[in-house]
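In the two complexes below, subunit A is the common chain; its partner is subunit B in one and subunit C in the other.
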Partner chain A sequence: MQKLIEVRNLNIAYGGAAGWTNVVQGVSFEIARGEAFGLVGESGCGKSTVAYRLLGYGTINSLVQTGEIIFDGTDLLKLGATALTRLRGDRIALVPQNPTTSLSPGMRVGTQVREMIATHRALPQGMTMEARIVELFALVGLPDVGHCYPHELSGGQQQRVTIAMAVACNPDLLVLDEPTTGLDVTTQRQIIQLLADLRARIGMAMLYVTHDLALLAQIADRVGVMYAGQLVEVAPCEELLSAPAHPYSRGLIASIPTTDGAERQGRGLRGVLRRDQMSTGCKFEPRCDFATTACRTMPQVLEPVTDARSVACMRWRDVVAPQAPVLVKRENKKIIGEPARLLSVADLNLSYGRPGLFDRLLGRTSPSVVRDIDLELYAGEVVALVGESGSGKSTIARAISGRLPPRTGIIRLDGAALAPALKDRSVEELRQIQYIFQNPDASLNPRRRIRSILERPIDHFGIKVDEKALESVLENVGLHAGYLDRFPEQLSGGERQRIAIARALLVNPKLLICDEILSALDVSVQARIVELLRSLKEKHAVAMLFISHDLAVVQEFADRVAVLYRGELMQLADIATLLDAPLHPYTEMLLEAAPGLRRDHYVSRPPAFPVSKAIPGVGCPLAGRCPRQVGSLCAETRPPVQVSDNGFIRCHLAADELATHASPADHSDFAGQVRSIS
Partner chain B sequence: MSIFRLLASRILFSALTLLLVSILIFLILEALPGDVATRILGREATAKALEVLRSQLHLDQPALVRYFQWLGDFLRGDLGTSIATGRPIADVLGPRIVNTLLLSLFAFAIYLVLALIPAIIQAVNRGKMIDNVISVITLLLLSLPDFLLATILLFLFAVAVPILPALATISENSTWQEMLRAMVLPAVTLAIMMAVYAIRVLRDSLIEVLRSDYVRLAELKGLRPRAVLFRHALPNAIVPALNVTALNLGFLIGGVVIVERVFSYPGFGTLLIDALQLRDIPLIKATVMISAAVYVAANLAADVLAVLLQPRLRISR
Partner chain C sequence: MTLATFISSRRFKVDLWRATPGPFKVGAVILVAHGLFAVLGFFWTPYGYAEMGAGLPLSGISWQHPMGLDQIGRDVFSRFMHGAHIVLLLSFAGTMLGMVTGTTLGLLSGYVGGWFDEITQRIVEAMISIPFLALALVMIIAAGPALAGAPVLIVFVVGLVYAPRITRIARAAAMEIATREYVAVAELRGEGTWSIVFREILPNAANVLLVEFSLRLSYAPILIGALGFLGFGIRPPTPEWGLMISENRNLLIASPVTVFGPGLGLASLVIGFNLFTDGLSRMLGQRPVAGA
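Here is the complex of A and B:
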């Protein structure tokens, strides 16, 4: 195996107010020519810091203390600015995390690709620049979008542009920094598919940085697991996923939600990475289930245990020993008695923005972004609202919470119609619906202590509580009274989200609207917040409208799922039905795209009639993308709503027809996958 | 929203703004004590003579009629007659506007250089010595009133080291070299006064843009530092500074009045002061309307330029 790049004993520190902090310690690995190496870990583990160093890049306040990065016989860390500039983009290229902010907003995307080729004089002989750019776009599955500005493209298309740019000079190594994190499940799978395809065709090596092990399963040959700045395990991808040898790898894998319907309670990671509470020995010791007293004092270094595998744990033999699979098949909980209907949304149509002066003069109206939503929530029930970005999930939540008066439709709480606008709702109605936002960093006032953040809603609603109430609500969300005097910035992301949940719970609401509350959090933290929500649901009988783009997370505790696509409900079903027999083509697409823990050679099914797009509100929104479209009917007429046992399907095909066309990827596979690795 | 529609709506709003200004000016001047007829004929004029002149000037008609009359004339390009000189205002204003326009253009050119270069130096070397030095200098200049700065420059370059003329008097017979020399001091004064605001805004926005993901990607594409700065960073950083520039143009109109006065430059500003001192009401109306138009047009231009630099704005409402 020919080494392309080798990292040797890399140590990096960040300078801050309190002196230097080690963020990367003793990291060594190599990537062979044409190999895909994955670097995985939770946020703050130093994986991106390492990756950017491979491009010779570091932030101003970071310092490489020791180490070498040998590429082509030279040490990148000793290279001068000019030599680095020549190397970057040409031999080592980057695919950035967020394409929306990474493409220059004022420059046409074709110009941005051209710039890359021109700078490195990488135009193949006998080819015009224009032809090369079109060829590159075709390579990543884009039409000739060169004349477009970044904002005119979707997130997935933007990421394809950055990939086209990265491969423009045929680099030896592609550094990918969480390239699919901000994308929808289906888009994410297409990008992964594209990258695997490009690798097969061009044969470049990859360093793939991500927090998502399931994604690495699809693309990486070998994986390095990082914890607190150290590599704790390096192993071939399949081996790592089927038999993790480090307790941290093991916990990380257990935290991944999959759509197999299995419950894997109690095997996730506990605690969070606290750099201030680290023992002198193994860094993972405070969170480790296998820790002994020796672990506290004995530093663990990466040592080869087999030919291809290295682990930094002296107890790896115990860890890797197979355990009985903890698979509990989901019970179909029968609801006892007739539950009370809490929320009902009927015939909801929503649109943004009031028509402008010109529009009013011409009698034009803005199109509805959300059409004909009928939804009911029973007391104590969790309904998940699932869809891709832009499908209108949050818009519906805004309407229910009163921040967006609907164009038509009625929202009822406990049988009484709610006023469309927030300011017309009574204090009592406001109290009963509480909202938890996606990003706890932005939804908690950074200048207030937790105590005053929690007291605010109590004061506002005039609720009489004693000091005990604050403490008990903190206990309910898994924190303690010690947090009351802290500021939000002293808390981790997961703890902040717990505070946000506590704030909502304090006023004893009947309905919680959770708007993508897990997507900003690490997998291990996600798993624990899901635990928390599940216990809250059982203890307090609070109903939740749980908005998410991720079916895998949702299946862990939702009762029913509503699948939304471009502002229309495609399907409503209870979770077991949805996973076992999704029926609706769109739900099938979502389920197939969710990556399992084993390489599944996913190939997205091509749409049956790619050209026939429907006008919003006239045909089926899925027309033009649906693999099972029935001719022009779908684009031209509104699909009928077919009521089933516990929900409905909106499709032109009848339920039994949908069932007979078994999808290529059989869904029993998902359960099979996890069983085989446990 | 298409650029055309955006432009149309902005122009509409600009026209409305100017209409409001015209009403305001008319009302304010209307509220001033004394009338034009007394001003022209003097205090000793007979009641009869005043009567005749008033009807000649249509002063006996209601204010509303006179407003529309004035507005109509103004729109047709008839600015009226100056009371002080008795000459048509257009003839008085014309050369003065040309002079001020020349001065302003000169000042604006210097301003662009004075604003861009220090801001770029600061942003690229943020936190270093040179950044702090420039910050202190701009802060110092920011706190100087414009007439003081003008006087200091006058003292430095016309008295202490006499390389430039102290009086910026120019006439139609001046050669362009003479004009250029005469304009240096007033133009530099104006440019410095405008640039100190812009430097601060531009520095901050450039630092923010230099931290952005797209600048980092541009760097990691292997572009040379100069290409990263001028192609990716600067065009995006300049947008916040554009609004400051538009406000600066407004300042230019005010600043020109004072600076022209200090250097005795025969421009629009000196004319405005003269008109105010002489209570030459038609001339005041005309000059104020023209300043307002310049101000509104500058803001319009800044808005349009911002949209051109940021294609994203074209779709937002």
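Here is the complex of A and C:
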């Protein structure tokens, strides 16, 4: 195949107060015309730095030490500013990570697309600008939204606009920097579908940068795995996923949670990438299970091992050798006796913004964001609350913790009703419910040492502890006493989240509310926090309300799952039932859309009645989107709650009806592919 | 990099000087010189600061009298030396008072919000809308003749002029910090308002407040000097620099050095503070808010 772009021995360093840091070292790869190349790695591995260099772009403090990027016979790194400007957008275009910040908020999106075409004079012969813009919008599956401002569009639609802008000039190469990271799983799948479709139609090459290997499985032809600024493996996508040859690729793939029912022992990667602790040899040596003494001193370079595959590891033969997967059958734990009911939430309705005096006089009320939630949690049980962004997961958690007094409804802990407002709750009640936040960077006070962060709750609640308490709790979460005198910013994201967990555990709570605590972390770190939570659950018998968008993570240790859509519980079931026979149309949609490690050519099923839109609080919230909608009934009347033996389903269709004419695809197949529903 | 980790890092100890920005170094040198000069002037001056007839009145520069003599034969350099610590102490105390009041009010106002915030902010706005010199004069006149010219009054006036401005800065910082999750964690623990303001918010507003403090400090000598010049400052014969400029302004033609001496002292002090602030804010990654 003809090479479109070739990167040769690229070395990039970032300058800082402490001198130069090598961020990208000796990266070489090429992308053929029309090929989709994926670049994958954990945060900080240099993948975005490489991607932006393909556009001839680098931050002010970065320096290309050596290297060439040959595009169409010219070296992009030697091009002047004017030539680069001409090239960018026209022949190499970028789809940015966050469409909300990369679209100008004060400009209509049509104007922004027009700018792109006008700058490069890329209007096809015999076509008006207006017609071309409408055509581009149609190409990315949007109606004519040219007159809209970015805030009037959803996140998915905004990303479609940036894609329309990127393909406006029919570029040869599209550089995509994590284009679906901020999107819900169903939207994410639609974008992936769109990109695959565009590639087939326009025939452009792609460089797809992501941390999500499962996404690459859906779209990439070849994948390069980056670690600490080096490419450690380049291989065709299927080959990489089925038989990774580099220990790092192998660990990365093992870190991805799947729902195939296998519990892999010691899965994933140990340690974290520490650029200050590099050996002179292989960069991955400190974390490698295959490392020998020779690895520490001998640098490993990318070498072709088969015609399509290169690996930077001398022990690749041992790595690639197939291992018998350790399949541990999931035990269906039967709880002996009736466990005590810990938390019960009845008839919970929540809304933001208290009505003011005038609103009350006029009888106005703000709409409920969460409606009619009934939920129970038993002692020592883990219940996962799953849903897309904006479905009200965190809002429910806020109400339970007392930060948002509910409009109606009662929350009971151990049978006693909790006061709706935080300030009316007793110290003891506050201690029993501990909240762990999503972002560990924000939940630890950056100006306090870990010791002071951990001691404060003990002092506050007046808990009597022995001197070793701090050390033992740190040990519990996999850290050591050396961390006590550090500041949060000296810790990695995963370590910070461990501290947050330790802080919550110190006061012996009965209920832990975990609000998306994994979503800010890398896959390999996630895997280890999950291990930790699972062991804590067994050791301390603490109940957890685990909020997540990631069904696959949830299935690893949740007992029951509650599926939330637009503020209403759609289904509650134990995890095995939910994965084997989702029944509820929305749960099915979530499971189908989650990408697995195999290419599945998934196409979302169209809604049955797209015109009958859901009105909040009136009918079923899924009306207008549901592929199995019965008719206008769904939009007009509230669906009944059908209680089953281990949960309930809220749907107009009867449970046996839902089970019989299920979707054409086989359910057990989805179960193997489940990943996330962000 | 935050201040706390910056100070505890090894780099701080090893090559602090090399790592600091240029203006910070120049400013620090000027301030240290001023400090030493003030200490020296407190303990020793060539002549007494109120000693009349140290030489022939209005005689010019000489080795004995590097800044000449004033109308009644006092050695201007001795007065200048003795005045140094007065200017520094008054500025420091006044700014400190403004800082303590402003920070407390501002952080509370920003965190608590609601009615408390509304009332505080309206009062603060009313005070800011009055030009600061006019406000200072009103306060001095309101204090009455008994207190006129007392250092305590000057300190109080500087504090009160500064407090509303500092309140606004602290409030803005607190409002931003109040949305962070570690504040929510403290709330969920049932911590009281004061505890949250001082344990969680104040340490994180320290960068902003430190820059604000040194910025305010740099304007204080001008404010005090202006009051002295207008005759509302420290009671004579205490040699406050602004007062000295005022006393000697009739001599501008006959013996210019008697005015330029204190003027240069005031100018170099303010420039020193400004450079220091500029460097400090760069080190802390903060941008000083322009304007007095």
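In the analysis below, the second predicted complex is superposed on the first by the 662 of 678 C-alpha atoms of A that agree within 3 Å, B and C clash if a C-alpha of one lies under 4 Å from a C-alpha of the other, contacts with A are read in each partner's own complex, and residues count from 1 in each chain.
The definition used in the following text is that a contact is a pair of C-beta atoms (placed from the backbone, for glycine too) under 8 Å apart; a residue touches a chain by one contact, two chains touch by 3 or more.
Owing to the predicted nature of the structure, the values given are computational and were not obtained by experimental measurement.
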Three-chain arrangement built on subunit A, subunit B and subunit C clash or fit: fit
Applying the document's definition of touch, where does A:Gly146 land relative to subunit B and subunit C: first, second, both, or neither? neither
Regarding the shared-chain residue A:Arg403, is it in contact with subunit B (first), subunit C (second), both, or neither? second
With both structures superposed on the shared chain, find the angle between the C-alpha centres of subunit B and subunit C as seen from the C-alpha centre of subunit A, to the nearest 10 degrees. 30
Scan A:Gly182 for contacts with subunit B and subunit C and give back first, second, both or neither. neither
Contacts of A:Leu87 with subunit B and subunit C, given as first, second, both or neither: first
Partner chain(s) touched by A:Gly106 [first = subunit B, second = subunit C, both, neither]: first
Touched partner set for A:Asn98, first subunit B, second subunit C, both or neither: first
Would you sort A:Arg425 into first (subunit B), second (subunit C), both or neither based on which partner it touches? second
On the combined arrangement from the superposition, state the nearest Cα-Cα distance between subunit B and subunit C in Å. 5
Please identify the positions on subunit A that touch both subunit B and subunit C, taking each partner from its own complex. none
Residue positions on subunit A within touch of subunit C in the complex are 17-18, 401-403, 422-423, 425, 427, 430, 433-435, 437, 439, 442-448, 456-457, 460-461, 487, 489-490, 503
Report the residues of subunit C in contact with subunit A in the complex, numbered from low to high. 2, 4-5, 8, 11, 19, 180-182, 184-185, 187-191, 199-200, 203-204, 206
Touch list for subunit A against partner subunit B, complex: 55, 57, 81, 85-90, 93-94, 96-98, 101-107, 115-116, 119-120, 149, 151, 162, 165, 353, 356-358
Taking the complex as given, what residues does subunit B use to touch subunit A? 5, 9, 212-214, 216-225, 227, 231-232, 235-236, 309-312, 315, 317
